[in-house]
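Contents: one structure, followed by commentary.
A, B, C, D, E, F, G and H label the chains in the order they appear, each numbered from 1.
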Amino acid sequence: MSKILMKGAEAVGEAAIRAGCISYFCYPITPQSEVAEYLSKRLPEVGGTFVQAESEVAASQMVYGAAGAGVRIMTTSSSPGISLMTEGISYIAGAELPAVFVNIVRGGPGLGGILPSQADYFQATKGGGHGDYRFLAIAPASVQEMVEWVMRAFPLAEKYRNPVMVVGDGLLAQMMEPVDFGCVEPTPQIDVESWATTGCKDRPANLINSLFLDPLKLEEFNWKLKAKYEAMEAEIAYEEYKMDDCEMFVVAYGTTSRVVRTAINALREEGYKIGMFRPITIFPFPQKAMRAYGENPRVKSVAVVEMSNGQMLEDVKWAVLEKKPVEFFARNGGIVPNPHETMEFLRKSYEKHGGTK
Amino acid sequence: MKTIFSRPRAMTETITHYCPGCTHGTAHRLVAEVIDELGLRESTVGVAPVGCSVLLYNYMDTDMHQAAHGRAPAVATGIKRTRPNLTVYTYQGDGDLASIGMAEIIHAANRGEKITVVFINNAIYGMTGGQMAPTTMPGQRTTTSPAGRDVDNVGYPIRVAELLSTLRTPSYVVRGSLHTPHNIIEAKKAIRQAFQYQVDGTCFSFVELLSICPTNWGITPVKSNEWLEKNMLPYYPLGVYKTPEEN
Amino acid sequence: MPSVKIDKDRCKGCEHCVTACPRGVLEMSKDINVKGYFYSTPVNPHKCIGCTLCGVVCPDLAITVSVHGTQYKYFNY
Amino acid sequence: MEREVTFAGFGGQGVMTVGKFLAQGAMNKGMEVAWVPSYGPEMRGGTAYCTVVIADEPVGSPIVRNPETAVVMNRPSLDKFGPEVKPGGCLIINSSLIDVTTDRQDILVVTVPCNQISMEVTGTGRSANIAALGAYAGAVPVVDFASIEDVVKTKFAKKPKVLEDNMAILQKGYEIGRSAREAWDAGKGA
Amino acid sequence: MSKILMKGAEAVGEAAIRAGCISYFCYPITPQSEVAEYLSKRLPEVGGTFVQAESEVAASQMVYGAAGAGVRIMTTSSSPGISLMTEGISYIAGAELPAVFVNIVRGGPGLGGILPSQADYFQATKGGGHGDYRFLAIAPASVQEMVEWVMRAFPLAEKYRNPVMVVGDGLLAQMMEPVDFGCVEPTPQIDVESWATTGCKDRPANLINSLFLDPLKLEEFNWKLKAKYEAMEAEIAYEEYKMDDCEMFVVAYGTTSRVVRTAINALREEGYKIGMFRPITIFPFPQKAMRAYGENPRVKSVAVVEMSNGQMLEDVKWAVLEKKPVEFFARNGGIVPNPHETMEFLRKSYEKHGGTK
Amino acid sequence: MKTIFSRPRAMTETITHYCPGCTHGTAHRLVAEVIDELGLRESTVGVAPVGCSVLLYNYMDTDMHQAAHGRAPAVATGIKRTRPNLTVYTYQGDGDLASIGMAEIIHAANRGEKITVVFINNAIYGMTGGQMAPTTMPGQRTTTSPAGRDVDNVGYPIRVAELLSTLRTPSYVVRGSLHTPHNIIEAKKAIRQAFQYQVDGTCFSFVELLSICPTNWGITPVKSNEWLEKNMLPYYPLGVYKTPEEN
Amino acid sequence: MEREVTFAGFGGQGVMTVGKFLAQGAMNKGMEVAWVPSYGPEMRGGTAYCTVVIADEPVGSPIVRNPETAVVMNRPSLDKFGPEVKPGGCLIINSSLIDVTTDRQDILVVTVPCNQISMEVTGTGRSANIAALGAYAGAVPVVDFASIEDVVKTKFAKKPKVLEDNMAILQKGYEIGRSAREAWDAGKGA
Amino acid sequence: MPSVKIDKDRCKGCEHCVTACPRGVLEMSKDINVKGYFYSTPVNPHKCIGCTLCGVVCPDLAITVSVHGTQYKYFNY
């Protein structure tokens, strides 16, 4: 397969189509309106459905309807828009429907800014909306990975009959990189006839619903959900980068992991034994694997680099049970840390905790 | 012996949870009868709201989708756009449709979604215990307008049929009532016409039905019919507000 | 000959049918049903003309109307 | 190997486009690339810029504080990016719109009358960006010039006249860039 | 002060008035519509403002406007309604405005049910909306405490210029208990003239805003927020119940803490040395104090009782660094655990980890 | 020398971020002039939307409140209801007001909030780069209607002034335009009347202003004026749609 | 000390109200109380019930699986709550509407024709709940009867006729309850 | 005598004023201002009648109109 140079946002749109999702509901918001712009042109070409909704609230409910009708469906938005979708996402989880959400995170809170950020980590990993629901939250780090994970998100959503969220940021959505759409095999859609609203011909009527009048039934349903969310641990994905001999490891995901990688490469030349543990699924969080590294006596310290006030930081602290000091470096509000300042931070942290060279 | 009136096929036998006399049950039956008559039971998806009729799905023997409060038109859009061969209708109360769901109903109508909306206007929030709705009558006492709706403070009731009929996109907009046999018969005709327009792929169709809520109005069902006639009818005139042919 | 049947345990005693019947066929019983409602009951069954208006107004699917022989249709419904 | 170039100018000068051309050219030669735009509130009426990172292994941080090269198409861009060029790097200045230069001695400075070149060929300044791209290709030969030419050819394949003009403009820019580079290298050699 | 027998929801309304909040915007939702019903009657009596908004989205934005105008302001809702407010809450936090939110949590996800639940713990403590914002989240356990915390919430919101959320559930809102409104002294409102939209007479114009065009400014603002949220640790509140000699302690908040208290009382008579650590502020979480107990060698195990799938559980595990086994018991979907089953669970857990009698 | 035309007091000196010729600047000035003329600068709160005019707060020398996208009328309600002595207005684009904010504008109008709404209808989402708005003209190309707005698929443009004027609650609803000097002069009169109604405590007031977006329309400012006249004016007739006296 | 009573019936029978009266009476005597209603979907048309917990220290769990007493006003309530009464407890049955009873021997069962009592005094069954409250006060003397009487007096202070009727009904219920309790205690004593 | 003044650095070159002026007073300059725009400039200042229409259409507060002596008011604005 030959590579195409493509903007992240457009690649997300194309990836959905390649994955067999030819329906898309959205509301424009920077820095990802290009997904909508791209699909408004492309979907009619493939006989698909493009609707610009009146709001993110409505877009999420259109997704709810389409997911209930058993078609592959995606919406994309950015931080404030995702907040408006939280009720809808809770309903979709509560009705056990597959749907793909993409959040291109921007600086917050409130109107904030439109530049890259990772400040929606809590929202993506702890729910955002009401009730006991969770979803696979996946954080790619390049346009290529974004394509791959969007394509994988559909079968994953169907496997668990649950929303899946791909979490990016303005950098990943706005930059162009070469992409190869061929490297993920599209999967056929699961059979939906047993539960979707396709018309009750030759079968009993189906119902899409999240209401339970009987609290015992709702409780039972919640235990079922819990088991499902625990089963999602099978999907835990992470990358280990130069972890073999590291005396300090950095935890970073998405865009910051690229910066950390560059920094580590440079620091390795200076003799610093630093590795990177990059969560790819940020929910479920790769707690077990990370804990093992945290318990490794060779490792003297842990560092977290994030574009937020320290959200993943909490998961890391829990994961390593604070058995090693956890240092933290962040840029926020739309600023991507640059390799220089990252290196400086890493050097300091490394030396502070007695790393050898 | 030939049965000339009984439960429509598109309804289940389940006894509703509605209060005695509540015309939600009547409206359900009309919709089901129309679905039967047009032969749509196996290709229909009903979208239930949040409101007293949230359990609509228990009473209809068709595929059903329960929506978030006010968002049924968006949910219906999601279904109809991706499965255009289905007949999709929403069934919504006045709190649901005219308050929290105002943006969704206007935009679904304006986009010309080929769906049917059955709108039960009982001038109150039934399910949550009788709070004021956008459709509550001037002076009407509710649990959140204990001194009666004060139009100087909260404005006049919203007439949804009138509002939607001003949109330029072709549609079928009609208001009926459920308080007398005659009106119920007329209401059913309107519902049938509405579904017919959808089946023909013509346009968005909207049927508002004036309805009673004896429980929260605090009077008997029979008195409720009278109250509706006296108070609601003059403010909410019945009739066809818009047809797609007009355009 | 038309005949009206009321499923007494579906009836919630709203009296819509009593008010709707043009022939005074129906009245509310003095007994209550399983749900505790006074239910509607045909007290003058012979007067029934099979117009089905009672069924039309019943919100609870409690009413069935049947006929022997042909029946004049009073309205298009 | 990792090389970075920032193209900067005001909206409408086509700096984004030539950045893409370069990235495409590099990709076509099998290199790893990332094209990173500025986006945000400053877009409206303000300056726009993009950075292209070209490398032989996957691009790590695409956020570059000190690019190897900056191509500046207007004065604010010069002010912003001139000082940031990496020592030993290169600064390409559109002298048609910028009447000052830099006093940096540690970098190769190429002044190119981009608008003028475009004007001479097409009668408008609209292809000034192509001249700048050519100058970059000449002065900083990271990507094969032929590969860049190919990209331009593909992009304008449907408009023969435009293509012809742009190829001429590209060539003129390239010449200026190349001779500046040669002079600089010679000077260093001396 | 004599006590009044009052329904929780109505007491919340009265508490607001006693605290000097005479403006209220809302949208009805079970099981807390009684706050609105009560205030629709009471506020006109005290010259206040009652507006039933068109939706929770609008209600939260009315709160935003009123808070910006520098008046004491409250809204109340329940789970799905709070989800619809997340964008608004993020804006209010981003504009640094004081406002009081009450969430009477019901079973979820989606439409769920209307019975008591604690499944919005994550939403309340990790944000819900987008961006790096946090707020004081307080969980009273009786009608009296609800009154007290609602009254204290206003000065706290003003102290930090930040939203404060009081988290209850259907039981606390629907039950009647004796309340004494006199036990919290109403505080005068802070001076708002320097920032609120009161009209720019004799001063420069004020601006309520959360947008930052310059990412450096947004970053700086985020650091400021971070410092503020850290300062909120001064407000950490918790109750220790029979912790002195305990060999196991139970962590429970709100309604479940009442059940646990009853269970502990009964078990103490059977000789079980069980105590309860009850977080009152669930954000900030009383991590330090709990950790100290977790490290106490006398303590052999920890138990968590929650009406959720284990949300606070995660905070507890982190707090005690899993140094002691953490047992978990929950009812969900609207069911309040009863003392019997709770006792059974506690007995088992206690014995499993070698508690002495 | 007497100055007969210059910057109004209620505006700051800050140069706007608008594109050349964008009539947002003109509308700002009209509002500021009215505020000056009615002596309201020190008792006014402006509510800025999300849209190109999000930075309105930088240009107005009055207290300002930046609202969430579409929710300015709710924010204004919160301010006005709690501080009724202030003059509160919102300034909103067509995406903001007519799309995501539809429920909020209808309900604020219907409750009869004593606020003023200045509605800039430029038939497009300016700020986010030219996507289709509910007000986009039939056939108009935008970044999300690349083949031109297809009314069969997404319906006709929404006429907000007409829509609001059908509500029963008394209000002042007017549509003007900013594409010629004459229209600007008329627009200002309408804005003044709108504020006057608010100051008098009479009613909700709403001024729609047809406006240009040269950048996203892809033509020069002068050509944009012509395009507006030719395409928008016939569909969006100017005039007073409702006055409180009518009721 | 912690005593619990559940009042149950169908909506409109006023079980919530008498529960509140009891709680108020107990509170006025300085006791700790909690009144917990059933709420939820079953409200519409279905059964309603409330539980009153009376204690001498703050009420812990207000969620009671086995109340000491149940007052059941209709058949579904008897079916639901009859079996749940704590052994040694008390069950008060509105015999006007419930034509069966329980076969439990371990509790005091009091049958009270509540609707009939109300009917006799007022001509309608509307105050049946007050009769039930009286019966409870007689059969399970947790709260001073006078204190309950005071509550009723306060609540109906503005309607002298209603007050008078209700006091009579309350008294009648009380008598039935008290004599049942006395007989039971005597029986046990025997 | 009326006189129109244009703050050239506020001008964004939209030409609204040029189109609006009934007297041909204004034209676009050949130079650009600090922001890079060709700005409006009074080329026939003596023709100005002080109608202020240029100011009315200018979105950027770039125009000031002044007079010596009395000035006829062309419209209520």
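Remarks
In this text, contacts are C-beta pairs under 8 Å (C-beta built on N, C-alpha and C of every residue); 3 or more make two chains touch, one makes a residue touch a chain.
Computed from a predicted structure; not experimentally measured.
Graph distance from chain A to chain H, where chains that touch are one step apart, equals 2. Each chain gets a centre from the mean of its Cα atoms; the one farthest from the centre of chain E is H. The distance from the centre of chain D to the centre of chain H, each centre being the mean of the chain's C-alpha atoms, comes to 39 Å. Chain centres here are Cα means. That of chain C falls 87 Å from that of chain D. Within chain B, residues 18-20, 54, 66, 68, 99-100, 102-103, 106-107, 111, 134, 154 each touch two or more of the remaining chains.
Contact of a single residue of chain D with at least two other chains is seen at positions 40-41, 45. Multi-chain contact residues, meaning those touching two or more other chains, occur in chain C at positions 12. Residue ranges of chain A in contact with chain B, taken from their complex: 23, 25, 49, 51, 53-55, 57-59, 61-69, 71, 73, 87-88, 91, 95, 197-202, 205-211, 213.
Of all the residues in chain H, the ones that touch chain F in their complex are 2-3, 10, 12-16, 19-20, 37, 50, 52-53, 55-61, 63-68, 71, 75-77. The touching residues of chain A, when paired with chain D in their complex, are 3, 5, 30-31, 113-115, 142, 170-171, 174-178, 258-259, 261-263, 265, 334, 336-340. The part of chain F that touches chain H in the complex is made up of residues 1-7, 11, 13, 15-16, 18-26, 29, 180-181, 184-185, 188-189, 214, 220-222, 225.
For chain F in complex with chain A, the touching residues are 50, 54, 66, 68-70, 95, 99-100, 102, 125, 127-129, 131-132, 134, 143-147, 154.
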